[in-house]
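Down below are the structures I want you to see.
Two complexes are shown next, each including subunit A; its partner changes from subunit B in the first to subunit C in the second.
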Partner chain A sequence: MIASLLAQAWTAPTIDWHAIAPELVLVVGINLVLLVDLWLDEAKKWAMATITGLVLLGAVVPVVTLAVLGGDVRDAIFDGRYVIDEYALILKALFLLVGYVVVLLSQNELEEGGYYQGEFYVLLLVSVLGMVMMSSSRDLMSIFVALELLSIPAYMMAAWRKRDPRSNEAGAKYYLLGVFASAVLLYGMSFLYGTTGTTKLTDIGVALSGELSAMQILAVVFVLAGFAFKISAVPFHTWAPDTYEGAPTPVTAFLSVASKAAGFVALLTVLYLGLYGADEVHSPMIWAMAALTMTVGNVVALRQTNIVRMLAYSSVSQGGFILMPLAVMSTTAAESALRAVVIYLLIYAFSNLGAFAVIIAVSRSTRSGEISSFGGLMSYAPGLGVLMTIFLASLAGIPPLGIWIAKLQAFRALIDAGSTSAYVLAIIAAVNTVIAAGYYMRVLRQIWMSPVPDGDTTPIRPPSSVWLALGITAGGTVVLGILPSLVLRFADLPDLTGALGR
Partner chain B sequence: MYAVNFLILGALLFSLGVFGVIARRNAVMVLMSIELILNAVNVNLIAFAMMNNSAEGHVFALYVIAVAAAEVGVGLAMVLMIYRNRRSIALDELSAMKG
Partner chain C sequence: MNMATITNDNWLLTVGTFLPLVGVLLMMFIPASEERTHKQIGIVTSAVTAAVGVLTLLRFDYGHSESLQFFVDSEWISVIRSNYTIGLDGISLPLYFLSMVVTLLVMIYTWDNMPDAGNPKSFIILMLVLQVGMAGSFIAQDLILFFVFFEVVLLPMYFMIGVWGGEQRQYASLKFFLYTMFGSALMLVAFLALFFQTGAESFSFAHLAEAGALIDRDVQIWIFAGMFVGFAVKVPMFPFHTWLPDAHTQAPTQGSVILAAILLKLGTYGFVRIAIPMLPQGAKAWAPVIGILAVIGIIYGALGCLAQTDMKRLIAFSSVAHMGFVMLGISTLTEFGINAALFGMVAHGLITGMLFFVAGSVKHRYHTLEISRLSGMLIQMPRLGWILGFAAMASLGLPGLAGFWGEFPAILSAYNPNFGLNVGLYRVLMVIAALGTVLAAAYLLWLYQRTAFGRPNPEFDAHAAHPVGAGVNDDHHGADIHDVTPIEWIAWTPFLIAIVVFGVYPQLMFDVMDPAVSALVERVGAGIP
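Let's turn to the complex of A and B:
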């Protein structure tokens, strides 16, 4: 038996090493950071952040070379279940950059809090690896593995302040609801696999056309509910505010940007490639979730006094705007919807990370998370005040800053769809844009007009790493807003929709 | 034996698990309920793999088992951490943040 097996000629499958180089760099980097941390002196732990940053930037290099070189072979490695196309590369670059900014933000927080540093960076890298894999996954199995790879480290990072009961609570809530959501998602996936006979998304898409069976409808509903938890869409959002408030602020920034974006990427891929035939099931669900998400997020954000909690609800409501184009995913507007979501994810990442960077810089000296602690920021820290104005105005969607162009694209997708329900959703979104401006402006009024709450006007000196993070995010917000053609051309690449293979 | 028997078993396990997650306040019981859901998924996957005569379901089930182990590892660590801080693992007492 064994002899006959050994006698068979075996040729190794050809592996395109260049195509999976970003993932390989990250895997090597994770082990490197883990080992270096073992042997590094306690006094030299600051080097861990530098090494982690270099690993993340090192992983960007093959992403760039892949994007520049192009090529057809790599589109279909692993039987088309793991695809490296323009869509995947853009998102990979986004996740790596977000990871880098989060490293810059966490460095001082970890050092001053006396928390474990090496382990934190390892978990951060693992989570980023999961996201990078997610953008290439085109199969239920790889999507599931990538989702868990990015979530499990995030659970631990949310509970990083071990002695702080609020951080415990944040981690526990995130963990329990996250695991429950993946279990529900898996149950849906098992039905999807059972009724179509395959886990490859493009094949599922072919098999799901025509009349749907009851089991298939159930499968779509469960899959959608599972993803809705990950992207904190109402009514599955209850974990988000508590987790965001209790977790260390850099982790909150990471969760509200990268983890959420990864959830959207997974949802987008599954809907666009696999479930387009089931649109009469998921379109109304997504429509309702989008409308509810932006409205509930906004209305509750209006009465928050803690700025992190306010931004948590604001990110819930921004999620509603990102979800909005997905409601018209299966009509003729599918391609403009896809483009709108990718652009929104890119620009939202810059603005939201930037807002969190300012909060981290300010709360280092005020030791408070209340909105009132931002009173009179302009009088003693004009730089941070102006930056916060830029980020919040961008989040509110005021031209010419970042998110206005993303919102415009989202509205355009709805107009392209041209159905009555799409127009109604567009009107709900327009009303919500105005409500959202209300609470962003409240913070800005504190910064520009209110007096300093305790009269303490010592200038704030954020560490240089935070300044670098602020520079990257502010640059992204302003440049993408003023020169939207940059990101639009990016997303206009025919490959973005073409190479997804539908 | 019909495939539907396994699917009914899976559905029962799933419902039991969801009930446990919603109704139990002990963190360890909730973890066990989540395990029940994951095992419902495994039963489903194997039944469908036999039905469709493909190997993908078996592979998927192996992945689910491996990932479930990792998840429970993290979960139990988190339960221990909460127990050390509060001397209790009742989930409804975790309510410091509201609004």
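Let's turn to the complex of A and C:
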């Protein structure tokens, strides 16, 4: 039998090496880090972070050259199942940059904690590789592989402080629920494949454009529920706060930004290419999830006293805002909705990472995660205080800071759709914006208006890597808020669908 | 609003608006301990900004005040069809200039009246950022740009109240913030609805004013409702006013002055510039509601004043009443009424700003604003007492001072509302509003009588009897009672002069505004079938 298989003429697919260069750089980098770690002296482990950072930046280079040189030539490879277009490139750039900032944030935490640095960076790189692949995946198989590739290292990273029971709990919870979600997702995908006979999303899209069978409806529900876990949408969000609080803070930053964004990217791709015909099933689901996610996330966040936990719930609630435009993705507002989600993911990454960077810098000296430990920050660390103000005000959606334009886009998509349900969702979101402002302002109130809790006003001196991370994130938050045109053009619908001939 | 635009000197507005940021940048690199330097930079920056404002006044073509001048229209967020469109006409010119002058005078006042919390560096940076937002709101000719500037003022004001305010500052600042945020969230939804209902072509005011009139009446009413909430919170109108007394009372003097003089006007300006011309039928449907709420505000504010025991809180409630007159003028949709409203906005800014300055200085000297503990100011500090009397007279609408020309024509305009609005209703409103002026006279004279007349309270008299040197300590309980200082004179004189000049010769401002207002009313009329 093997002989007969071998006898068949097999032609290797033509591979555009330039197009997959970012992934290749990462693969080479992962092996490099793994090998260097083996030979490197324990005292020189600090070099691991530098090498990892260089690998991530190195992977950005082909992304940039592809963006500059790329045309329609190298749009689709592997029969349109793996696509390099502007949409994919901007998201790849995002994931690589987020990875870089997380490396900057992890450096000191790992060195001081005496944790396994080499292994950590390998896992981080693998996870980023999964995300980079996710941006290009246009096939159920590659999406699932990418999703597992990015999730499995993250389960371990969440439990990285292995002597801390909370960290263990974080990892275990994340792992169990994550695997459960994968199973649900895979189950739904198997139904999709079973009823349409293909795993290629564009073909599924064609097959689902008519009347849906009961199996197909079930498939859509399962797929959506599976992704809902990944993006911690209510009611599938319960793992997020515990995991976020227990995991090391840089990992929390990574999970709440990159991992969540990757989930959204997968959801976007699947919805826009495969499930757009099934809007009767998913539109009400997404509508309800978005409304619930932003409301529940907000209301619970109001009651938190631990800042990481508060940001965890805030990130749940922000997820609701990101999800919101997708409720109208099957209407004429499809393009606005896509742009809204992509822009939101990009800018949210900057602001949220920045907020975590400040928390890392401050808690290094206060040794506390309570919101009250930020009391009087302006009086002894005005730089960090102002930066935190910028990040939280951006998260609250106050112009001209980053997220306002993303929120505006999300509202715009809903109102573009113009249906009554869309307007109702917009009003719910508007009210939620105010609730969210309530808890962001509470932190700012501590920073600006409260006295220093323990009277310790020694200036905070964050390590230079954290300053660099703060500079990148603050720069992104402010510049993108004032000149959003810089990134807005990357999220055009034709880029995602046009190249595939939908 | 004439579509023709005059495009000379179009750099002027951009420079005038963003110049304060140069000061901010400079101050960021100077350590906070150099307090004098920061105050100097603050004064110089706002003085240069005001000089650009004077240049704007000089270059403004008063023969064409109905059309946009210094017009700029360049690409900004092209994907959502929002442009950096700015311009100035007769409606916005007085407010634009007022914002610059008020900021400068407040900066000067800050020289030796820094609020207790200290840290002039942050305080002055916030004031400069605030100035950018205020000036920007008045020049923006694009809804999204307007929204951005409108929101820029939010955080600086929040921190000004919350950090440098009185005892209840945290509560007051959060209330201010959440109210405004709620209003602007709904306002944004309304803006977007307007954009899509007009064919999603452009956010520019000129385009929306043209296309907005063609929207169905029912839709206009809904969109107007959203904008109404946003602007009414800012004004603030009757049911949305509860943040104002708290914010005003708790804010530091500088914050109160800026809040009263400029920030409240963003709301009324929004009505005149955006809501009414873009949604004429919605405006007509809502006008009676606005009128009724405005009059409720007048009476409610006045009664609220009579019940206050705190001088600053009383002035804050009087703001609610005065903004009621402004809104009444707007709600008639007449040229006469809107002119009066615009005049009233500037006059209220000058007069109430002045009153808050006086209140701040009284607090600085007596460390209390309890009306019952204050008395005999005319004996202890005759000049300050006279200034208080002057501002109170202006505030109650004494003819010959600026306040009169805001209130009286606004009441009069309700006699004959435009576009077939219910005349009977408006005449009732007119009568009630006129009663409101009587109440205004009552509470202001009562305030003046209790604080300025009579013998000084022995509690403070005793302190004043101490040798001068003993009073210099910054102890909260030791009163240091002295008359108006030179810095205060510098900061206040322009206000006092302007109140008299505009009172004696109101044509000065009416002439600038009227062509723009008449074009606006004409346009609204064209949109109402």
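Here is the rule we go by: the second predicted complex is superposed on the first by the 482 of 502 C-alpha atoms of A that agree within 3 Å, B and C clash if a C-alpha of one lies under 4 Å from a C-alpha of the other, contacts with A are read in each partner's own complex, and residues count from 1 in each chain.
Methods note: a contact is a pair of C-beta atoms (placed from the backbone, for glycine too) under 8 Å apart; a residue touches a chain by one contact, two chains touch by 3 or more.
Everything quoted here is computed from the prediction, not taken from an experiment.
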Look at A:Asp242 in the shared chain and tell me whether it touches subunit B only, subunit C only, both, or neither; answer first, second, both or neither.
first
After the superposition on A, what does A:Pro400 contact: first (subunit B), second (subunit C), both or neither?
second
So in the superposed three-chain picture, is A:Leu408 touching just subunit B, just subunit C, both, or none of them (first/second/both/neither)?
second
Should A:Val251 be classified as contacting the first partner (subunit B), the second (subunit C), both, or neither?
neither
Just to be sure I read the superposition right, which of the two partners does A:Val126 touch: subunit B = first, subunit C = second, or both, or neither?
neither
Examine A:Leu488 and indicate which partner it touches, taking first as subunit B and second as subunit C; both and neither are also allowed.
second
Looking at the overlay, does A:Ala181 come into contact with subunit B only (first), subunit C only (second), both, or neither?
neither
Touched partner set for A:Val234, first subunit B, second subunit C, both or neither:
neither
Please report the subunit A residues shared by its interface with subunit B and its interface with subunit C.
none
Residue ranges of subunit B in contact with subunit A within the complex
7, 10, 14, 17-18, 21, 27, 30, 34, 37-38, 40-41, 44-45, 47-48, 51-52, 54, 56-57, 59-60, 63-64, 67, 70-71, 74-75, 77-79, 81-82, 85-86, 91, 94-97, 99
Considering the complex alone, what residue numbers of subunit A touch subunit C?
339, 378, 382, 389, 393, 396, 398-400, 404-405, 408-409, 411-412, 415-416, 418, 423, 426-427, 430-431, 433-434, 437-438, 441, 444-445, 448-449, 484-485, 488-489
Which stretch or stretches of subunit A touch subunit B in the complex?
140-141, 144-145, 148, 152, 155-156, 159, 162-163, 165-166, 168-173, 175-176, 179-180, 182-184, 186-187, 189-191, 193-194, 197-199, 241-242, 245-246, 300, 303-304, 309
Where on subunit C does subunit A make contact in their complex?
32, 75-80, 122, 144, 147-148, 151-152, 154-155, 158-159, 162-163, 169-170, 173-174, 177-178, 181-182, 185-186, 188-189, 192-193, 195-196, 200
